[in-house]
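Here it is, the structure, as structure tokens.
We call the chains A, B, C, D and E, going by the order they appear; numbering starts again at 1 in every chain.
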């Protein structure tokens, strides 16, 4: 298992390498000049040129890329064009927020989604099934920025239960996590539901019944443990989705997260920031998938890594 | 204006005041390096932290700030400033002539590639006369020199910090050492910037101990945060929310005149729009009042010149009312009796940039001009508008925000409307070129007699505004600030910066 | 004489589906004696599994429902028990093994845990007792190194071993009746032989009654005492095994016996029953075998025949034997 | 009758599989599904191939119809190496060798009507026009005992036996000479199985077909085949004609196999010789004779040395050390 | 068979209701505009931000345009956009998926790596990047959404094809000498359609959501097109003073996206062979 983990982590490197290359090329395809963006519309041409040279943006693309890769290996993601701060520092400052959001969201989504999915599956095609699925899909079907505003209105302004913006206390996390988490509840519920439906049809469930195992144990132990296998995959995938989707939620709730950093970076053509954030987000995603794979071995004895 | 300040002698807390003001701008400061900052959000913080040699008084008159007195040489080229003594930076070191020289030398060094370099282009040298006296020599006489010395970009920094932090200066809390009424305590980017009053401030000490900046990018969220009381003041209230907020007990909206104007500039390289009559026609086709009423009611008023009234050198040329007949007639004279097809380029970066374009397009349609709207993301917009040749330029009508931060006509007109010589549009984005305007602006720059200068600029404005127009000036903006009614004496400058050096907030 | 342990009377299990009501089992009587093996044979879809699942009330509902009949186990009608009481019967008094050893074991639990579960539920054993018993059971079914195998997951075992585990699991609580639904169909001949041998041995040892469901007449001949032949949801013939093979009465039984290739005799051409097995969606009127029957007469097409007692405890559902009564 | 239509020589099929090991590099291992199989089929005969699940029967069949390319060895059809032909010739070969699969459910495209399924081979080989194809398809349907009016029906409307007939008709469409039958009746009910077996025999006579009949059911194989090859773990252990094999099985595995068959007659109590244990994994087959782990007659040599094919007369070939000395 | 699917589908009430809602929106998109008396783009400044009235059932927006009219026209834009983009994305995804699944080997390795790569990429960012490269606008938004959905479809199809490839009927086709092209076009693709349709239905909803996210970032559809996401995003800052201007498009988006999900789920239940006979 350890060897496997190590091997998988090594495998991540080429993936990240290619991702960084793709990001790099893509970014440079996007029209827009980071220097002008930074210096503002009134900046004189000479200053723009001087700055460009200073930032090394006048170099041929391949040299810029090599520089970037070299930097990465030295733990240096470059300096933000916009804020002049080291990208790594920016990311390290902001990543915890996003990570907390995404983890919180994943936990909310998983717990709610799994419970909903089981209830729906057990009541297949009955009222409860329909009701629960509509309920859990409702939030996914609402644009997240809109949902965020609605939640803020209701829970911060009208009810005064939670603060509206920022991330300064645990209470601040509630609304953003709910917004982000509920974006995945529907998918988790759907996956759990169909996994449960499928598992409940399996022969071994019939076997358990034939042995007189109480239905409760069959559903929550025998069936659920099997249904968990596809659900675990989705947790991994959704985690990546949450990371990416956090940009909007962070914007509305004024959270200084990495998602916003990334989107702002694209909008400002802050190449180093975009490269850095994507690298980190992709790495997280890939690592999350690795964790899911390892979790597999926990929930499914048929999977063995060594 | 907010009510007068509370009596400053007694400690604020005892008198029922809070010691912290929480303010939500729409973005975080990009940089707190006076030489680098070039946006309002950064500038207003820089203003809390630093001082310039001169400053604008409450009525637009120029008074001394770090400089006590100043004089200019016979040839109008050498300015000597006598500095206040005993001014302390936040870290306790004294501000001296060396500080001024160190600061300006950094600005003037082209290898630093600083935006401020453009502003100090006319400086020839900066010399220390004695510990509290410094002289600046310009290459040519410069009419707007005093206004220039008020510019926050020329705020005085600590050379030791310049040495220590180089280009990182102003990118984090530790690297900031100013003379201003507040100093930085902590700065978590995009989350929180905490300022604390500077005990050794040479002027009137700040009345509130702490000012916290908490940027909220989303306008609707900003309003909610104000309503829940999580923040005491917010910048940039959506115009349509103003009446509602005003009607809420305990909230107020403060509006101040500013240098800001919104216009759609002409791309004079365009074969159709290049025609003066066509441009005049388009100007008459637009109904400014309707636009204001629908998008910025109470937050703007129709422009009356290519400069806002608060700008030095402004000449009131009157509001241009919509006149469709005249527009059609001018179009006919220009050879387009049935109108033509054109394009409006806009960006969401400017408030309601898209809606403005939509309305103008619909108003142009009424005189037969079909305008397609192209909305661009800011970076792409910059790329299409800035630093390209006439051949590449393809924006017959494009949105612009203007306002000279020096509050002087020179800054408002020179770079923007004088003929470019480089082949690229530099700052004259629309390739506007009028010989007379070029001459007038050049003369205005060199003239040091204020009255004569005003005359020159008046003529230039007449040409730009309507005779051979450079753009459709729509409206002059008010700076608005929605705040808790307990917050008093916020300073809002004509350049839209919001500062709290005199502000108090009741419990 | 023979102690009757299970008696099923006129069992009818229908499926209420979108295509209408499907009579999966449509009137079946079963008698199982203590220590004996009853084989149920018949073609695919004739209702063998539904019959066995009905006995344990494991028919998925919806769509299935036992609409009529009695299932008397030791005189108690299982259909009248509460779900809770029924759970006490399942796995304890009557247990079942299924056709697919590959899919009938829960892949995420060790085989030991699965065997132990029944013991802990029914015999109220604690963990260590149950484990001990599980190991004992594994040994009983001939699994080498049972102490180690007990902690294996199903996927670590071969098909034959899994079927042994299934048997161990079914026998763990010493049930009175073991229902085996095609226990060897998925296995290779050599493995099948092992499993059948095991079942016979166990039966002799534990005096368990077995209901063996199969479509392999060879298997029937080897290990059953009594046989019930099903066709299209109905039992068409009851007999002891020797008489059945010697003298099949129902034309279907006869056809079935004739159409299997005999290993120990040469045939040029196999006998074949023309036509297809009818689908429960539209069973023919009259005798359900009539459309395929060589000997069908007009009466056969009109009216469903009764079960006719033909002596020696043999019963057959065919008009031909009407007169013999 | 005696000319060889298909000759298989030293056929091997090793499927690569990745086995993750403790070290970093995953070791490449192989499933030796077929590991040196040789036999030949004569024109018009039926050769049976029996053996336990996973011993490589289907893999052999698939190589013969070119669904798999062997790792080693050759398959000659009427003298031509199947895997060396190209272009037109290869296309012609395709017509000659067809296959019938076990599962009547998954071997038909659920979205194709019966008619389309049966005429598809004709379309592919551009034989005839639409009208003649339909005529031919209907004739084929009649041949296999399906009514022409079923032409436009979909597979799900048929029973398993009928579907298997459709599969047979499709295989016949191109007038092949050799048909590989991969367990064509093992998914069918006994009464239907008899129908299909009879049908196949009829068709063989009518069209002078040659069959390679793969099955694990010895009774069926005995019924339909002329000669029988017994496979164990990727190798053929014994080939003989039917009578020889059943009357006089040489290989201990064949003997065990035969005795394991339940005889549908309660009067006959066979003295079963039980095979203990399971079939070993084809990834790491036992050394020497692959059967030695389960063989009742195992000798020392069996563990070390692989037995050679021995001819016991009358084309009765067996690979077993028991008969080493009997070779002359 | 289809009638069976339909029957099973009908068993799920929420899906049926979802289907009806979508039908209503589709009909609205098709014939609604001809019933509207207002021009969706005609600016009427004096009448901006009106509350609902007999004249303007859902009030007006910031430029005095009738919200209901814009909603109705928006149905056309939003639905068309999602359908076209998902269709294009799926089409390309199917091609890649089939190539990877059917041919295996290095083609598969290449395409699979590519898919993994794109999937490891924050999805929204991908859309942003595409729009940033191409510029905003309906066409480019569609391109972005299409691009965004390619890897998902490709991955799905690849899996389906791999399992289909080993089925006996595909093997039978090979044996009769059918070309790869024939096998792919006539046998493999039609047999993946059921799953693809489920996937497409589910994607249709997320396409509308992606479009609205892009609008939120100022990268969406260009005015004066009444795309729902753009409408919502424009009206969000006046959510308080003129709630309907935001609630109307917001609700429309939620309803349609939800309905697509419900229909997709219903189809999955109805088409999934594993869940048959339930």
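FYI, a residue touches a chain if its C-beta (ideal position, glycine included) is under 8 Å from a C-beta of that chain, and two chains touch if they have at least 3 such contacts.
All values derive from a computational prediction rather than experimental measurement.
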| item | value |
| --- | --- |
| Intersection of the contact lists for chain B and chain C | A, E |
| More contacts between chains, A-B or D-E | A-B |
| Centroid comparison with chain C (C-alpha atoms), farthest chain | B |
| Computed distance of Cα centres, chain D from chain B, in Å | 87 |
| Euclidean distance of C-alpha centroids - chain A vs chain D, Å | 52 |
| Distance between the centres, which are taken as Cα means, of chain E and chain A, whole angstrom | 22 |
| Touching two or more other chains - residue numbers and ranges from chain D | none |
| Sites on chain C at which at least two other chains make contact | none |
| Multi-chain contact residues (two or more partners), chain E | 132, 135, 236, 239-240 |
| Complex contact set, residues of chain E against chain C | 4, 7-8, 277 |
| Contact set on chain A toward chain B in their complex | 30-34, 36-48, 50-51, 53-54, 82-85, 90, 93-94, 145, 148-149, 152-153, 156-157, 160, 163-168, 251-256, 260-261, 267-269 |
| Footprint of chain A on chain C - complex, ascending | 53, 56, 58, 86-92, 95-96, 98, 100, 103-110, 117-118, 121-122, 153, 155, 166, 169 |
| Complex interface listing, chain E residues touching chain D | 1, 167-169, 171-179, 182, 186-187, 190-191 |
| Chain E - residues contacting chain A, complex | 11-14, 113, 116-117, 119-125, 128-129, 132-133, 135, 205, 209, 212-213, 216-217, 229, 232-233, 236, 239-240, 246, 250, 253-258, 261-262, 265, 268-269, 272, 274-275, 278 |
